[in-house]
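Chain nomenclature is as follows: A, B, C, D and E, assigned in order of appearance, with residue numbering initiated at 1 for each chain independently.
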Amino acid sequence: MARYLAGRAAGVVLILFLVCLFTFIIFFTLSPDPAVMICGKTCTPERIDQIRDVLGLDEPFLAQFSGFLAGIFAGRDYGAGANLVHCAAPCLGYSFQTNQSVWDMVVERLPVSATVAIGAAVLWLFLGIVAGLLSAVKEGTWWDRTAMGLALGGSSIPNYVLALALQYVLVVELQVLPFPQAVPFSDGPALWFQSYLMPWLVLATGYACLYARLTRANVIDTLAENFMRTARSKGLSPALTMRRHALRPALTPIATIFGMDFAALLGGALITETVFGLNGVGKMAADSIAKNDQPVIMAVTLLAAFFVVIGNVVVDLVYTRLDPRVRITAR
Amino acid sequence: APNSGTGTGSPAAAPATGGTVHVLAKADFSHLDPVRGFDGGVNNFYRLIYRGLTMFGAGPGAEGTKIVPDLATDTGTPSDGGKTWTFTLKDNLFFEDGTPITSEAVKFGFSRTFDPEAGIGSPYGKLLLDAPKDYQGPYLDGDLDTIETPDDKTVVFHLKKPFADFPSALALANFTPFPKGTGAGAAFDTKPIASGPYKVASHQRGSSLKLVRNPQWKPETDSVRAAKPDAFEWTFGLDPATIDERMLAGQGTDADAIGPSIQAATVARVQQPQIKQRTLSGLNGCTTYMSLNTTKKPLDDVRVRQAINHAINKDTVVAGMGGSALAAKGTSIQPPTIAGRVDYDPYPYNVEQARKLLAEAGLADGFSLTLDTRPDPKMAAVAVAIQDALKQVKIDLKINNIDTSTFYEVIGTPAQQHDAAVTGWCPDWASGATFLPPLFDGRNITAKGNANLAQIDDKAINERIDEIAAMTDVNEANAAYGELDKEVMKQAPIVPLAYEKLILVVGSNIAGAYQSSSFSGGIDLISVGLAKPTK
Amino acid sequence: MSKLLVVEDLNVTFPTTRGPVDVVKDVSFTVGRDETVGIVGESGSGKSMTSLAIMGLLPEGATTRGSIRLDGAEVLGASARELRRLRGDRMSMIFQDPLSSLNPYYTVGLQIEELYRAHRGGSRAAAREVGLPDPERRARHYPHQFSGGQRQRIMIAMALVCSPSLLIADEPTTALDVTVQAQILRLLADLRGQSGMGMVFITHDLAVISSIATRVLVMRRGEQVEYGTAEQVFAEPRHDYTRMLLDSIPRIDDPLDEVSA
Amino acid sequence: MTLLRAKDLTKRFVARGPLGAKAGFTAVDRVCFDVRLGETLAVVGESGSGKSTTARMIAKLLEPSEGTLEFEGEDVTHAKGAALARFRGNVQVVFQDPFSSLNPRHTVERILMAPLVYQGIAPNGSRRAHAKELMERVGLNPDHSLRYPVQFSGGQAQRIGIARALAVNPKLVICDEAVSALDVSVQAQVIELLRRLQRESGFSYVFIAHDLAVVRQIAQRVAVMSEGRIVELGTTGQVFDDPQDEYTRTLLAAIPRIDPEWERRRRERA
Amino acid sequence: MTVAAHSQQVAGAPATSGRRVAGALLHDKAAVLSSAFLALIVLMAICAPLISLITGHGPNDFDTAAVDTDLGGVPHGPLGGISAQHLLGVEPQNGRDILARIAYGARVSLVIALAATALTTLLGVVLGLLAGFYQGWADQVICRVMDFLMAFPALIFMIAILSSLPQGNRPVLLVVVISVFGWPYLARVVRGQTMTLVNREFVEAARASGASTGALVFKEILPNLRSSLIVMTTLAVPGYVGTEAGLSFLGVGVVPPTPSWGQMIASSVGWYAVDPMYFAIPGTFLFLTVLSLTVLGDRLRAAFDSGEAA
């Protein structure tokens, strides 16, 4: 176990390093020159050179890359003379656009993304699994057809359409919710809840649809197993029969997907955060891409990669826990 | 809700003192440090917290582009044929922290534009002032000798060459005075030192910004800023469609709110009388145009460029930009808000004429062109409209989408630029001086960051530009630019497509709102206020 | 005293593309308290289907006709809730295929435990009595870690844990060696004596049937060909099939006829 | 001639405790035996004594922890590639658990054709006909060839497993309680089939069973296992008539019998 | 006679089971309707030029007369400008015919979505199965590659790569890029379930029957993954339609004015309050397509499953 974990940790570090390296290479070779963007409309070549110099963009690839890595582990200095600033480890640099410390930006925005992700995940797991389970149990009934039709419809509607439509109906027409705004929890739980409700709903819909259909398919398969007959022969309550015997085998594949989906969401829900004006990592990513703010892009990339890789490790660990037959072969 | 539904009057009514004006915005300001930020939106905002020697006037139409004194007693005295400018400061001027605003502060503020890291705003400081060639700003190189401060109230600028429009340049916020020695690094981006009627109370990057009154600002020293509300509050990061919905609904504090221009899809919804009466509409002062790369075949032939000018149906272009409510047909290079601009239409829509010109050029069978554009819906619509129009004259237009973040870099690099590009230009102030020379002076063509997209290098035009720049009478110069516009269009290096309009819906409690021609048609923040402030 | 279980004219039908197939046809028998009815017969003759019908656990699609009464109450067509109350507690079943009948995701300990918890009562010592060595440790193991016979004993333990009044055992000892089998048969006989448990015992081992069953039902192709006391069926079989079956029993004292080299 | 020789086969299972602590358990302990060509070796013994584990190891489905395995004189303990393929073609297995060893998503026909397909064997006539013929041989209705495993009874499923093992012409068939779920008449039929194949094609069997009567009928030699070890190995006659080991004696004593009185009465009536 | 016998032999198993399945599907109303709808869409895509010819509207022809340019370009008339002229109405602002754009858009959207789905499914299933089956270094390698692809900022990469590549054949490029980054999602699910199935006894049985690794993985294990696969692949279709739209929106998708359903839906977003039909029409087409695919997938599975007991 310890050896396995050590191996995985090494893998995580390797992947993160590769992601950094490749992202850096893309910027270095393919991506636009941020100096030009900063330079603005009345721009001279000298000014571009000057900006490149200030941002360190004129250095060779390896110097830039090692500087970036060194910053993460040991911190680094920016500028010279009176303008010198020390950026303590873990240093992700400063935004080209706003000069903010990228680490601070991430720390500030992560809670918003996490709130969005966790709330939505709770919602979609609940909705998806309950709907899928009910549909499986009532296979072929009108409930099953309706739920699965809705699930298909839900997955055919893009996020942004749903977001705006929901806003139109709930806020503009019915006026049951205020216009969404990121309200911190300290402003009162009710307000906070209201403000995140729509993002949760929107994000959860797409996932819930997938999870409902997957749950249904897997539960139907499981229900046909002989051990379900045994469970029924025990006279357990239907809830317990379902939850314990049918759901666990059916949910193991869903655990895999959930790990991936949730980890990806922690790295920011780009569209939803943008549409609802939530100041999370996703919006930061969208903004930084639009403005070619490379330090910020690097940071969100690294953050998302970190979550994804860790998510995958967790999924693998959970999987061997969930399915005892797998455990025996897991090194 | 106290102020929703029934409007308390038109947006133009005089505002009362007090209350909080809310502003709904898509994105946060790039920088609070005025030496760094430089665009219509942020310049409009800077006027609330910063003061300069001169400023743009307050009022609709031409009022808003007039240069008026701010900290200075007048708009400056030129001498030495316009090479030296002297300004005198008013009395009783203080910064937010109580330090008096002196000539030293003016000089310090101006010299900040030379800092290699901070001075990324407008280029005029370096372009105009006769500073040592390698001067790197006050933080690295100390004082700047070419700005004299004979006493606390007098400041004298020495320019490289005569520049009649210098007071206009000084109206830009980049030259905001600051107490000597402050603002190193990015200090002002987080904690600016206000000199205007408001100061920053709190700023959460990307989500909100709150301004409150600056008690050190003395109204009697300021004849331009009305500064009626007690506070301003920005909400950033909102989706455009959401902003439109909120402005239409006008619930709660949204009644006290102003926002950016509505989207095309919302135009039909602002036609109801209750909403229409709180709607402002006007030009944004920019020109949307298609540049034609005169170095590429067959665009090097003026007849081909003229034919393209004739062939493009600007009505469909306007439709693509959101219809007549959101754009007007473009005819001349300079938009109608520019002083001295002549209204004329050198190339009316005429397919026959276009065919004839192409036939003359030996291209009756058409050819193909590549158009650089951004994947922005509006730009895409314009590109498709052009494509559709050029089909009639057998020109096969290929659309090359360039990611928004790289677009300007690509088209500004002659080596990468294709045959044509759809883009726009806004002047820094309302005269031809910041419109025609950057776009059509052949000597400005650079290998990177090029603005002369047509790459036209015409001796006559270049010379004329120098002549006009040397004129000391601003009005005379403006009139000359109007004529130069015609001269340039004879060469047809670009196709003026449209002048974009803004439609602004304001909250029902908003008063004193008008569009300022100096800030891309945005609502002039120093005059806006509330009709009935609630406490 | 009323009978514990009365099965009357039971029919089980499966739909197939070639029309409905009757896998159980008009089967009738009764089980009294403290009585064991043995069912023997051809493989595929409907023995398991009959027992599943009693438990109300027939696979989806199967239809039933007839009547099954447990303690006088009709089981066929009883509500799900009613059945649930009966199952595990009043009647329980040992399934034929132990590996696929155990949930691979849970330890066997939990699978036995949950039944006990659901109905309370009963004896938890069952696990020990089926002869699994080291029950405490093995309870933490998963089904795939057991041998065939051990799984079968787990199934038996599970069925007995709540001391049901009716036990249906579908080939419960096929995977057990004869010593363990004898031990299990003794255990079942004891339970029958102590708590008056009735039992339906399905097996192919006629010797086992003869030692445990009070009455015997012989099935073939879904039909019941013979039904009577053990003694009558074994000593005076009436049907040809029964005779044939009894004649086919391999004999331990018959040595291998030497044919191969 | 020796077909298969197992030398010191040992299998240890490592069970993981809740905290990753390992506990070793030796399921099969230094087992040695050989199977001769055309012979039936029966393996009997206590439940959980390691019979199936041994069977899995000699079928090369489980890596032995120790020991070697020879087939036709060739060491196949670590056989791979072509050698393994050859081995697979020669050794077939009937599994103890009938349903678990049948792919629930395949029709019987497909299950029965699988060995042919996997080993690239084309029988005379079509594979499908071959599958139907196999079904008939083990007493299944060939019309049911398109059914799925769940649609069969336990005994029928077991016969599908037997039919699958016989689909190719193996030299050795390992039968792990292959007839336990069959009624005696079908059992007799299947045993007869196995013996005929042995006579005609020289099949060898490793026959694991609990039914000692069946063992006596079919096996030439018997191995008795207890707690992972072979405690006795000898000809059927020796083991049954003169058991040496204590456990073997207990085993033989526990065989259930029909009341001899009933037997007698029935014979008299007939 | 010989011919018949021969053909029966060659066709082998699929012939009879294929015929049986087809027969079962023909009796199923939902399956027939779904197939009919899919056929209609394919036909529409193929005959798009014909549709334009009949209606007289090309997919990129402006019709400013059909929209009100003074009102931001809303279509004249109710229901998004549905009229005898424009059977499914027109786009706001420029008045392009929606029917023509739907027909042409089907080409791009369906080709991209279906091809990307096919490719991701292929890659995901094959690599997922192998990783789950071997569980040794092969698993390690495949898993690390998956980790990398999933952790990699695909969007940034696509923008950088696609915008610096020549226009070329965009749809092909899109399919490749989407698939390369898309397969690990499915592969991980497949891998997980495979790890469970590998230990099942029937796999062991097949191994004993002499099955090669390939046969074990694809013939024995794969059929048992069907349920998850059907769900994931059918839902991947709308997902990829959306991805294409998103990429187009970022300027790296198909080049305007080429219509695609995703782009139509994306550009309809702002108009939801004024011209809901603009969204409803492409949205409905997408929904019905996915619904048809799902129903057909479900029914196919049921028909294959039923065996004798359908």
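Note that in this section contacts are C-beta pairs under 8 Å (C-beta built on N, C-alpha and C of every residue); 3 or more make two chains touch, one makes a residue touch a chain.
All values derive from a computational prediction rather than experimental measurement.
**Student:** According to the touch definition, list the chains common to the neighbour sets of chain A and chain D.
**Tutor:** Under the touch definition, chain A and chain D have C, E as mutual neighbours.
**Student:** For which pair of chains is the number of C-beta contacts greatest?
**Tutor:** Per-pair contact counts point to C-D as the maximum.
**Student:** Select the chain whose centre, defined as the mean of its C-alpha atoms, is least distant from the mean of all protein C-alpha atoms.
**Tutor:** Closest to the centre of all protein C-alpha atoms: chain A.
**Student:** How big is the gap, in whole Å, between where the Cα atoms of chain B centre and where those of chain D centre?
**Tutor:** Comparing mean C-alpha positions, chain D is 89 Å from chain B.
**Student:** Any idea how many Å lie between the Cα centroids of chain C and chain E?
**Tutor:** 50
**Student:** Rounded to the nearest whole Å, what is the centre-to-centre distance of chain D and chain E, using the mean of the C-alpha atoms as each centre?
**Tutor:** Result: the chain centres lie 48 Å from each other.
**Student:** Could you pull out the residues of chain D that touch at least 2 other chains?
**Tutor:** Each of 97, 99-100, 150-151 in chain D touches at least two other chains.
**Student:** Counting only residues that touch at least two other chains, what does the list for chain C look like?
**Tutor:** Answer for chain C, listing residues that touch two or more other chains: 14, 18, 97, 99-100, 144.
**Student:** So which stretches of chain E touch two or more other chains?
**Tutor:** 159, 199, 201, 269-270, 273, 308-309
**Student:** Spell out the part of chain E that touches chain A in their complex, as residue ranges.
**Tutor:** Residue list for chain E touching chain A: 135, 140, 143-144, 146-148, 150-153, 155-157, 159-161, 164, 185, 188-189, 191-193, 195-196, 198-199, 227-228, 230-232, 235, 238-239, 242, 245, 262, 265-266, 268-270, 272-273, 279, 283, 286-287, 290-291, 294.
**Student:** Could you pull out which chain A residues touch chain C in their complex?
**Tutor:** 225-227, 229-238, 240, 244-245, 248-249, 322-325
**Student:** Taking the complex as given, what residues does chain E use to touch chain B?
**Tutor:** Listed in rising order, the residues are 60-62, 64, 67-74, 92-95, 159, 163, 167, 248-252, 255-257, 267, 269-271, 273-275.
**Student:** Okay, in this complex, where on chain E does chain D touch?
**Tutor:** 8-9, 12-13, 17, 200-202, 204-212, 215, 219-220, 223-224, 226, 305, 307-309
**Student:** Under the touch definition given earlier, write down the residues of chain B that touch chain E in their complex.
**Tutor:** Listed in rising order, the residues of chain B that touch chain E are 240-241, 245, 263-269, 271, 315-316, 318-320, 322-326, 374-375, 377, 380-381, 383-385, 387-388, 398-404, 406.
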